[in-house]
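Both complexes below contain subunit A, partnered by subunit B and then by subunit C.
The block that comes next holds the complex of A and B.
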């Protein structure tokens, strides 16, 4: 078995085990830390797919910012919630059946798709994907408008978040 | 690279379904957001895998993945701010007990 497949399988196992722990573990601090593990596995997958920039962004933005934000939120709100309430609903098995049905349907569609077992061609020599991504995000013929709209969305969301979370007691 | 495309697609389908399970079963609002994060990551794996397997010289997949990053950051910021704001007022973040708008 080639080394790439071994790396992929190890990553997939890490991601899936961590994801299951994220949704099942009682303690939310532990859940957030398992989320960090899952996100790290996804970053390794980006590197395997030679999306180097996205691998770095995954670690810096997702693990460095989003997961830490989750940890702060857990610490600001936790108190006795861990012991007072059960982690999951009593009807969790309905959700499990639903999730398994969705998974079955998706896998059925995927394996019946023609050409889904293709392997990737080598990236053509002379194509600098990082350079191309930078160009694509700022040239008006390509993704300038969606990129700017997402920047505005992020700005609005951050201003809104500050407005919502600020304490008005004093 | 000799990993079949279907491996990535099946992995991301599984990750999406685990996230879906978490969103549907968790009671704590923060844990629900954790499930949403897993689902967003599954989408991103799909986008990057299609970029790599179809045409690496067209950057559509990576560009959309970058936008998904931005949207995920916005979603977490607003979501956690809402949760903290609700916690200040009602001192609970259990989704079932936040029923002010339940009719």
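The block that comes next holds the complex of A and C.
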């Protein structure tokens, strides 16, 4: 078994276990910490795929910002950090069927994808993926428009957040 | 490749050669060799950490007009080992209401977040963990894990002081991450790379401290804030919240927080040296020895590598000393001052500096090196001057307003 496969299997196990723990654990802060573990596992997967930039950004954005935001929201808003209501509703089996259907569809799509059995080629020496990514984001033929649109969207969200947060003196 | 030119790579090749000769598969031999390398690097960092405890205690003593530890060993050098023995044999207390697993995991995470940084620290041209092309983002990501450790410690302790200290520390770290990230982009622009190795190599002729002195200043300020050291040590304000997020930790668990804080400070000194003082670059030292104009002193590769490592450690110690100097000379600031200073002053200033550097950085290929250095240096001085003028005008306005209010009050009292 190649080394990448061992790392992948370990990571996949970590992600799955953590993801299950996120939704089953009663303590909300523990759930958020398990979420951090799951996101970290995804970052390791990116690193195994030689996507350094995505791996690091995954940690910076999801663990450094979003998970911390979750933890703060939970700690600041809830008095009782343990959920006492039952975790399942009566209609849980509908959700289970839907989830299985989605899983089946995804597996079907991926298996029928051409080149699904191919081993990933190593990135040839001298190719800087980071430069290529940066250029792709700002060249007009490639992703310039989506990149700029998402920047404007984020800026608008930022301005909106500031507008909502500022207390106006009447 | 021989031992005298490239010792680390030679040793790792030799070791994996032995392991494959024993019949291990090549991949496993490689993994084992890398693992041994990691263990050695971590051991080096932790041994250095023990030494840093002594440095810290000696330096703070000098700043406070004392002698410092001087009883055990020459110059008190064995004192840290006595400290460690004391920490290890102390009773290990876990508070009753604590969340045990998270509580015990937090100090490990705190130390891990610092040691992770050593993976990308280029100690010398041939001694470094890994040459990542996203090294500077990796620095930020490791900081995120450190924040996580603080949150875990503060929350799991089940203590209101710990929780308050944690909130303050996280507010501090998240806020000062922004000028830090912006400033990290300045060496990136100048060296056209995020890899710390390329950034160091790009500083062979001019250190970036001459191109961007203001960048260094902002980097050091935000690094001190990230570390939560004075004047940004609201997280452990003794007079208000006793010890902050690590109030409930005793013995070696507290020791881990303390050790990782010291090592973190040293590591940030190391990054300041890599980003602005040329890392392992020594003036006149090239790969084959010293070059003074036409005079060439040839040195074997291993000596060059060791001289570079020494230069790097000295520069990092200098950065560490500056951080200590600030810590023991400045009083603590209030939390509103801390946030206002970041959002209203440091962040806009770093964004202005980044824009100016990005624009003028285009001249790098056009101008001669000395002219480019001059242009960058003068632009930095101009930004500093304009900032000071704006601050002065603002202070004058504030003073006038206060004077008017006191004058009006005095008049009111007269009538």
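FYI, the second predicted complex is superposed on the first by the 145 of 170 C-alpha atoms of A that agree within 3 Å, B and C clash if a C-alpha of one lies under 4 Å from a C-alpha of the other, contacts with A are read in each partner's own complex, and residues count from 1 in each chain.
Here is the rule we use: contacts are C-beta pairs under 8 Å (C-beta built on N, C-alpha and C of every residue); 3 or more make two chains touch, one makes a residue touch a chain.
Note that this is a predicted model, so its numbers are computed, not measured.
**Student:** In the superposed arrangement, which partner chain does A:68 touch: subunit B (first), subunit C (second), both, or neither?
**Tutor:** Second partner only.
**Student:** Could you tell me if A:144 is touching subunit B, subunit C, both of them or neither one (first, second, both, neither)?
**Tutor:** A:144 contacts neither subunit B nor subunit C.
**Student:** Give one of first, second, both or neither to describe whether A:129 is in contact with subunit B, with subunit C, with both, or with none.
**Tutor:** In the superposition, A:129 contacts both subunit B and subunit C.
**Student:** More residues of subunit A in touch with subunit C or with subunit B?
**Tutor:** Comparing touch counts on subunit A for subunit B and subunit C gives B.
**Student:** With the two structures laid over each other on chain A, which partner does A:8 touch: subunit B (first), subunit C (second), both, or neither?
**Tutor:** first
**Student:** Classify the contacts of A:119 with the two partner chains as first (subunit B alone), second (subunit C alone), both, or neither.
**Tutor:** In the superposed model, A:119 contacts subunit B only, not subunit C.
**Student:** Regarding the shared-chain residue A:29, is it in contact with subunit B (first), subunit C (second), both, or neither?
**Tutor:** second
**Student:** Determine where on subunit A the residues touched by subunit B overlap those touched by subunit C, and list them.
**Tutor:** Comparing the two interfaces on subunit A, one with subunit B and one with subunit C, the shared residues are 2, 53, 57, 65, 72, 129.
**Student:** Quick check on the complex: what are the subunit B residues that touch subunit A?
**Tutor:** Per the stated touch rule, the residues are 1-11, 13-22, 24-28, 30-31, 33-35, 37-38, 41, 44-45, 48-49, 51-53, 56-57, 59-60, 62-63, 65-67, 69-78, 80-85, 87-88, 91-94.
**Student:** Which residues of subunit A touch subunit B once you look at their complex with the stated criterion?
**Tutor:** Per the touch definition, subunit A meets subunit B at residues 2, 4-5, 8, 12, 15-16, 19-20, 22-23, 28, 31-32, 35, 38-39, 42, 45-46, 48-51, 53-54, 57-58, 61-62, 65-66, 69-70, 72-74, 76-77, 79, 81, 85-89, 92, 94-96, 98-100, 102-103, 106-107, 110-111, 113, 116-124, 127, 129, 132-133, 135-137, 142-143, 146-147, 150-151, 153-154, 156-158, 160-162, 164-165, 167.
**Student:** Taking the touch rule as given, give the residues of subunit A at its contact with subunit C in the complex, in rising order.
**Tutor:** 2-3, 27, 29-30, 33, 36, 52-53, 56-57, 59-60, 63-65, 67-68, 71-72, 75, 128-130
**Student:** Could you list, by residue number, the parts of subunit C that touch subunit A in their complex?
**Tutor:** Within the complex, subunit C touches subunit A at residues 27, 31, 99, 102, 132-134, 137-138, 140-141, 143-145, 147-148, 151-152, 155, 163, 170, 174, 177, 194.
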